[in-house]
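Pasting a structure below so you can have a look.
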Amino acid sequence: MRPPALSAREIADLLRQEFPQAFYEGCGLTIERVDYAAVRVRRHFHEDTLRPGGTISGPTMMELADFAMYVAVFSAIGAQPLAVTTNLTINFLRKPAQADLLADAKLLKVGKRLAVGEVTVFLDGQEEPVAHVTATYSIPNGAG
Amino acid sequence: MRPPALSAREIADLLRQEFPQAFYEGCGLTIERVDYAAVRVRRHFHEDTLRPGGTISGPTMMELADFAMYVAVFSAIGAQPLAVTTNLTINFLRKPAQADLLADAKLLKVGKRLAVGEVTVFLDGQEEPVAHVTATYSIPNGAG
Amino acid sequence: MRPPALSAREIADLLRQEFPQAFYEGCGLTIERVDYAAVRVRRHFHEDTLRPGGTISGPTMMELADFAMYVAVFSAIGAQPLAVTTNLTINFLRKPAQADLLADAKLLKVGKRLAVGEVTVFLDGQEEPVAHVTATYSIPNGAG
Amino acid sequence: MRPPALSAREIADLLRQEFPQAFYEGCGLTIERVDYAAVRVRRHFHEDTLRPGGTISGPTMMELADFAMYVAVFSAIGAQPLAVTTNLTINFLRKPAQADLLADAKLLKVGKRLAVGEVTVFLDGQEEPVAHVTATYSIPNGAG
């Protein structure tokens, strides 16, 4: 199995340096596992992410999935802080209860200009996913 | 032209009553215009919505588009607080500068069980859109 | 493991009876494997499916993915010939060479009114997918 | 208003030359109107495009929308025969009756590497759309 371009620790350090506003001690996001083109990230439960009815909001799930994809891109091609999401499709499957959310991202394609991946979002300790996402990242400094 | 099922004021009152956590005086969202199945909503600029680089974050645009769709569903079929998004596709087109965001939602189909619409998100005063969204809402109490 | 609602043979018989124009001896589509909410189908290679450049066309891949989803819906909830696709997102990952295409469909949600699934399309004998699809089916006679 | 990079006739000539297998006299597709980044194309009705129940098949609508996007890309940036669809989302809105289908494509973004557009598919003579598509094209020889 091919090793990741950057480890979980290296990606966390890079994000803290490049994006201190978004990724910092206590922001609620952690990187749990990093393999090549396949990562797991966590959103620690916080009441701010609730929407009426007591379930975690859709934008919270989208943000987590987008973060997971971003980490997955780094795991495959190294530091690319200028990579941007160009397209994202989310299917909401079940209403998430009040618990930590996990997101498993897997890249389906790592091209010179585009990376495409899918993300499964689920509650820690539950098997059935609460949301499924596919997304495309554009890699600005790609060779293609 | 068919009149909307509820006016902008009626929808705002309903949202304040049903979802006081999400829609309240000072939440940053306002309903600008409501026609039948076609509405405009606004996200007033706030620094909290910025992401690294100084542009408005993707989840902020998704949240605004989702809100616009929700208001559009109400404009067509009246109060349906249990309507939920089942699917959302967003294309990010340009990086939004620091200004108010507007979202124009238009329903493409108003069925018994599903409503499908598209949303164009743009900066107030600019013509070129920053994001385009299509979304499907499920209407739980629909007759179908 | 939960058994499928219908076997591969039962689904093939049903399709031949209900949709003789689309599913018949020699149509190029076969059902390879049916588990509960997870199936594999095959599109036998035919020159008619080529597009300029000698690769299999996008609509051919979409049609195959849609067929896989349809069979997967049957595997989970039994005969529902009136189920219809409401939404489909396809990501084209690699240009497929001239060979049989396989599609693995897995349902992510089986609701009363909606079924959501994902499909991976790949060439027989190759590991890397050529396309990835998510799709939603509406189940007209659902109880919801 | 900015003129198109190529006229309808120039695009048709180019397609006949580059893709004689797909675009030829009698193939059923015609280019009706070409403005800059906005075009209309037609699929003449043919029984081969029907699916069980007598409605036009989903892949037929997807193929038409994809063709419309391709022509729209040419209208904006000139001859780019190597442009390829990377992503396509289709919402099926109504079952199309047996008539000519029209597709209006409009580009939302014309970038150096990516073009994003939306397509509305409807029956000739009817106002309500039968399908709505958003799609992204990758432009291989782009400067970015």
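First chain written, first letter: the chains are A, B, C and D, and each begins at residue 1.
The rule we apply is simple: a contact is a pair of C-beta atoms (placed from the backbone, for glycine too) under 8 Å apart; a residue touches a chain by one contact, two chains touch by 3 or more.
Given the structure is predicted, the values throughout are model-derived calculations rather than measurements.
Peer 1: Going by C-alpha centroids, which chain is farthest from subunit C? Tell me that one.
Peer 2: Farthest from subunit C by mean C-alpha position: B.
Peer 1: Quick check: more C-beta contact pairs at C-D or at B-C?
Peer 2: C-D
Peer 1: With chain centres taken as the means of their Cα atoms, state the distance from subunit B to subunit C in Å.
Peer 2: That gives a centre separation of 33 Å.
Peer 1: When the C-alpha atoms of subunit A and subunit C are each averaged to a single point, how far apart are the two points in Å?
Peer 2: Centre-to-centre distance between subunit A and subunit C: 28 Å.
Peer 1: List the centre-to-centre spacing of subunit C and subunit D in whole Å, with centres computed as mean CA coordinates.
Peer 2: 24
Peer 1: What positions in subunit C touch 2 or more of the other chains?
Peer 2: In subunit C, the residues touching two or more other chains are 86-87, 89, 91, 116, 136.
Peer 1: For subunit C, which residues are in contact with subunit A within the complex?
Peer 2: Touching subunit A: residues 89, 91, 93-94, 108-109, 116, 118, 129, 132, 134, 136 of subunit C.
Peer 1: For the complex, which residues does subunit A have touching subunit D?
Peer 2: 86-87, 89, 113-114, 116, 136, 138, 140, 144
Peer 1: Going by the contact rule set out above, which residues of subunit B touch subunit A in the complex?
Peer 2: Subunit B residues touching subunit A: 18-22, 50-52, 57-60, 62-63, 66, 84-92, 95.
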